[in-house]
Structures are given as C-alpha cells and as structure tokens.
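Scroll down for the structure; my scribbles are underneath it.
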Amino acid sequence: MSDAGGVVKKFMFVNRKAPYGTVYALESLEVVLISAAFDQDVSLAFLDDGVYELTKGQSTKGLEMKNFSPTYRALEGYDIEKLYVARESLEERGLSEDDLLVDVQVVSCAEMADLMAEQDVVLSF
Amino acid sequence: MKFGIMVNEGPYQHQASDTAYQFAKAVLAKGHEVYRVFFYHDGVNNGTRLTVPPQDDRNIVTRWSELAAKHNLDLVVCVAAAQRRGLLDESEAKRHGRDANNIAAGFRISGLGQLVEAGIQADRMVVFGD
Amino acid sequence: MLHTVNKSPFERNTLKTCLAHAKPGSAVLLIEDGVYAALSGTAHSDMVTQAMAQVSVYALGPDLDARGVANRVLNGIKVVDYAGFVDLAIEHPATQSWL
Amino acid sequence: MKFGIMVNEGPYQHQASDTAYQFAKAVLAKGHEVYRVFFYHDGVNNGTRLTVPPQDDRNIVTRWSELAAKHNLDLVVCVAAAQRRGLLDESEAKRHGRDANNIAAGFRISGLGQLVEAGIQADRMVVFGD
Amino acid sequence: MSDAGGVVKKFMFVNRKAPYGTVYALESLEVVLISAAFDQDVSLAFLDDGVYELTKGQSTKGLEMKNFSPTYRALEGYDIEKLYVARESLEERGLSEDDLLVDVQVVSCAEMADLMAEQDVVLSF
Amino acid sequence: MLHTVNKSPFERNTLKTCLAHAKPGSAVLLIEDGVYAALSGTAHSDMVTQAMAQVSVYALGPDLDARGVANRVLNGIKVVDYAGFVDLAIEHPATQSWL
C-alpha cells in the first residue's frame, strides 16, 4: 500500500480535544490507523483535554454514538506503540495512568516539547 | 519546495479555509509547489459546487477550483469524512444509490492515505483548522 | 434562568463567564464536553463547588457515561437525563446557552 | 408547552445536532410540542440527503427526517446560511442555476424571520451549538 | 411583516465571539436586523471576545472578506438601540468606549446578569 | 519549529499550551483570532512578552488589519503577510498548528 519509496518520516498526531463533543478525536484515530500502512515512525501525543480520549469506562449508548475508545487498544496490533501523555494534563484533571485504557508513556511538558521538536510532520485536528 | 496543506473546516463558518487559500496562493506566488491540499473533517464541505454566497462576498469554493485549474493543484476530499457529511461525486452517488452529487470542479474524492502520502512526499505540511 | 454550558472548563472560558452571570437561584446544566466541569479532583472543582452555594448545578448523565466519568461527579451536582433537561427548561422561564 | 429549538452546527463534527435531537425527542415524549427546529450557521448541513454515514453509526439526517414525519415537525433551514454552504432545494437550485439540489425529506428552506417568529410563538427557546 | 399578534417579548442576542475567525458575529447580526421587523424589545450583549466585534478601524481587504462592522452603526436606524458591553471584558483587553464604533452602554458584570435575567428569549451563536 | 496559534487567548487555552511546548529558538506565528494575543495592554500581554525572551513571535498583518488592532501590537512582535508566513514555514523544518 505504501508508495513512500523507502522514506521514513517521524509523524506525530497531536490530540488535544475531548471525545464525543466534537468528531476530531474519532477522525484523528482514523488517520492514525491508515498511517500504519505506510511504515512511518508514528507517535501520538495526548495533552490538554485529549487525555480524556483514553479514559476507561466510556459508554455511549445514551448518546446513540459509537464508542470508539476500544480502538486505542487495537493500535498495538498495528505496531503503533508510541503513545505519549502529558503528566500536567492528567494531574489537572485528577487522573492517573490507572484511569487510562491503554499503556502509555507519561511525560513532562519538557519531554513532550522535545518529542514534538523531533518530528518531521505534525498533524493536529 | 513542496507544500502539503490540510484544511479541517468548511467554508464560511471558520476562517481556516480562507487562511489556507491565502497561504497556498502565497506558496505558488513564490514559485514553490503545492503538492496537495487535503480536505478533512468539515473541510470536505469546501468541495461542494452548490454554494451560492452573497454577491458582495468571496466565493470560497470557486476560488479553490480556479486556483486548482490555474496551477494544476491536487485538491483531495477525504472519502470517509465526505460520506458522513454529504459530499459526493458521481461515482460515489451511484455506489450509494443517491440521486444527486455535489462535488465542485477541480476536487477529487479519495482516501486518507492521500493525507499520509502528502506528509511523506511534501517538504512541509501545514494544517488549518478550528 | 436555566444556563447550559457545553464546553470543557479546561479548554475555554465559557463556564467561568456563565458562573459570573448566573444569578442566585438560577440553574446551570452541564452538557456535552461541559460535563468535565462536574468532576471532583480537578483544577476546576473548587470553582464549581463555590458556585453551588448560589446556583443549582446539574450534569447530563448520558454525556457523563459516554466520557467514562459518571463515578467522579462532585457531591451536590444532580445528574439528569434528557427528560430532566426538558423539565429544567420548563421550570425556568428562559434558557441561555453559553456557546 | 411549546418549544423552539435552534441548531447551529452541522452533523457529526459537533455534538450540537445530537443533543438537540435527543432534547426534541424528550420534549415530544413528555407530551409537549416542538413548535419549530431552526437550523442556522453550519446547522443547515443537517438538512442534506446526501450523507452516507458508516453502517455502525447513527444517521443524523434521517433521524431528523423520521422524527419530523412522525410528529409533523417544522424543520426550517435558514436560506441565507444554506446558500453560503451549498444546501439547496429544487426551487433554490433552479433560481440560482444549479444542476442539483440536496435537501432531505422533512426540511424546508425559509428566512431568518422564522427563527424570530419561533422565539415569539414558543414558550421556551433552546439553542444548541459549538 | 410581523405576525407576532401583538406579543412583545424581550429578546437578547449574546455576542461572545471575535469577528472573522468565525462567522458567528456576522450571522448573528443578520438575525438582529431581521428581528427589527417584528417589533420586539431587542437588546444586544457584547462580552468576552464579542467586544472585539465593535472595534473601530476594521479593514478586511487583506482577507478578501466583507467588513461588516459598519452595519453596527446602522442598527440605530432600525430602532435597535440597546447595546450593552461588559466593562470587565473591555478592561481585560485594554479597550475603552472610545475604541468602539457605536454608542453603547458599558455595564458591570452584575448589571449584565440582571439584564440577562429579564429576558424572555436569549439567542447565542 | 514553527508553531501557529489561531485562537484568542481570552477564549481558549491554546496559546498557553503552545508557549509551554515551544522550545527556545522556535517561532510562534499568531494568525486569525490568535492575533489578539499580539496586543499590548491586555490581560495576556505579559505572558507573550515573557515568551519573547525564548521564542520569536510573529503576527499575521491581514488578520490584525481586519480586526482593527494593527496599531496595538506589542514591541518585538514582527508583523508578516502571507508571503512571510510561507517564508517562516520554509525556514523551520516543521510546522505545528495548535488548533
């Protein structure tokens, strides 16, 4: 599928928005899944309200919307394993790693800034 | 230098499409290349030929179509986002049993892979949204 | 008056402005991403707790459930469903949506 | 009691249309009346019959059309906002020389006066937006 | 044009968003103009970034967008004269009444709250 | 890296988060409603002035003009047009849009 001609770039998907209130989180995840086919160096950053995308126990029946949170668990199967979560964003929200539905690397603001600065392509939604 | 551009919001409601257009024009004016403009989320609504803006306002859709014709731009509308929001070309309309389509000249519908590929092929990727 | 807030207090200034204009005795209903303001242990919990001395605060249950945060709601906030939203809109002579 | 409802955002991108729909259903379930649902700004995009949402997702447009059919609701799309964004009915398309229209069953296009009038006639007016 | 049957309600249009970045300010103004035909008791509230809608000297040529700010000056001709501006919002932005292109009543937060509480219909965009 | 911010600092937390992640030597370009952050005499002027010790801050002229605030820009902020935006995007190896 990939026609990248052997080029491997560092792609970061930046998630800063809560799920369900807007579609950005869901449609961002759709790009992430597609990106797996291109053999690029993909990472995901979750900060600000983006950390809410990963909370356990989402149940959308009352909204008649699709609960897409289990898809984050599927990322590993696509070899997308670099999920970075901002420590400050978790703390402001009273959340800890145990509240998240996937394994992530919790990083400081300075570490997140370093990661961002390394990227070739940053996609935000 | 080759630029990829992503537009995440529809015409008129947010300034994103306006800014992206002015940016694309400036890229071209400087002699650089626009590798692709990818329309995602509500951005797909930039590709409808049914808009009828007021006489004294800019026509956002036509402006993109004309820029594409002049510079042979690749304007790609994400198929999944377009289906959700009701932006179809003739073959999509047929495939889904719809009696009409609304895509504007110069736009084509394709998959999200086109966005990732633009990220790989372009030297710079710039995102415009809400 | 019934005030509705649909934005996260972490992202926007909407809730803060709403609370500054909600008169004693009025009701504030948190909906959509606004329900994140209904939670305990966050950087905004104190602001909401203080507001409850003057106004009644409600949160929409289906929005809490969708976001997986229904078990974190602050004491004193009443959780309602869409029918309860309608009741609140009837009970108060006007509704102001803080968008 | 008579309710007026305003919807300011399009389908899928924001939750506004979903919440408005659930609110309208709850109003009707309690035996109250929905005097009118007025679609403004990007809200006009709720009225396109060309959406093709994924099989496992809700169909926001059809849901409104069905609710309107069942309860004889008045779903009004603002004409000025609709023209800007490319939502046309047959007569609008003819009037503006467009070769297609995209309005869904149960929606009608009319002026902003219908919003003000709903504010006057309804006992309660509730706004849903971004 | 009005088919209000003699009913006069208090309508308030709440403006909290900056112009041009989004269309809300412009399309809100379009409703306000229409409302004038219905002989209702109309007022406009400007708070938060909504106060920026009224700044003098707007010039949109570079954006190729329509400068709709002169329309606020036309409101008086439609007998829409109740324009309330939040003092706190002006102050946070370093603005004064002299920076605004129409005559307004600058009110405190408490006064604005009182005005809002009197309304029959509050429309926000 | 070039960072762009298109939101008013009065309405959203976007600029604050951007500045917290912009490394020394990077550039921040304020566009659309983001240009309100470029102004002197506001509640956010100090935050931006402090940031300028580490990062270069630019504002898009056409957006300042549209909003009638071109004469209020903070000292040290460079005003650019769309061509200048393109130059900044070329000069920096990547662009991050803070939406």
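Which chain is which? They are A, B, C, D, E and F, in the order written, and residues in each are numbered from 1.
The rule is short, and it goes like this: a contact is a pair of C-beta atoms (placed from the backbone, for glycine too) under 8 Å apart; a residue touches a chain by one contact, two chains touch by 3 or more.
These numbers come from a predicted model, not from an experiment.
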- line: Overlap of the chain D and chain F neighbour lists contains A, B, C, E
Message: Let me check something: if the centre of a chain is the mean of its CA atoms, which chain is farthest from chain B?
response: C
- prompt: Using each chain's Cα centroid, which is most distant from the centroid of chain D?
  reply: F
Field: Whole-Å gap separating chain A and chain C, where each centre is the average of the chain's CA atoms
entry: 28
Task: Report, in whole Å, the distance between the mean C-alpha point of chain A and the mean C-alpha point of chain F.
output: 26
Where chain F touches two or more other chains, by residue: 6, 10-11, 13, 32-33, 62, 81, 94-95, 97, 99
- line: Each of the following residues of chain A touches two or more other chains, namely 20-23, 48, 63, 65, 120-122, 124-125
- line: Multi-chain touching residues of chain D, meaning two or more other chains, are 8, 12-13, 15, 22, 41, 54, 57, 80, 125, 127, 129-130
- prompt: Can you list every touching chain pair?
  reply: A-B, A-C, A-D, A-F, B-D, B-E, B-F, C-D, C-E, C-F, D-E, E-F
Query: Okay, in this complex, where on chain C does chain E touch?
result: 1, 13, 17, 20-23, 26, 93-99
- line: chain C contacts chain D in the complex at 4, 6, 31-33, 62, 81-83, 85-86, 89-90, 94-95, 97, 99
Field: Touch list for chain B against partner chain E, complex
entry: 12-15, 18, 22, 54, 56-58
Query: So in the complex, which bits of chain E are touching chain B?
result: 20-23, 63-66
Task: State the interface residues of chain C toward chain A in the complex, per the touch definition above.
output: 6-8, 10-11, 32-33, 36, 39-43, 45, 61-63, 65-72, 81
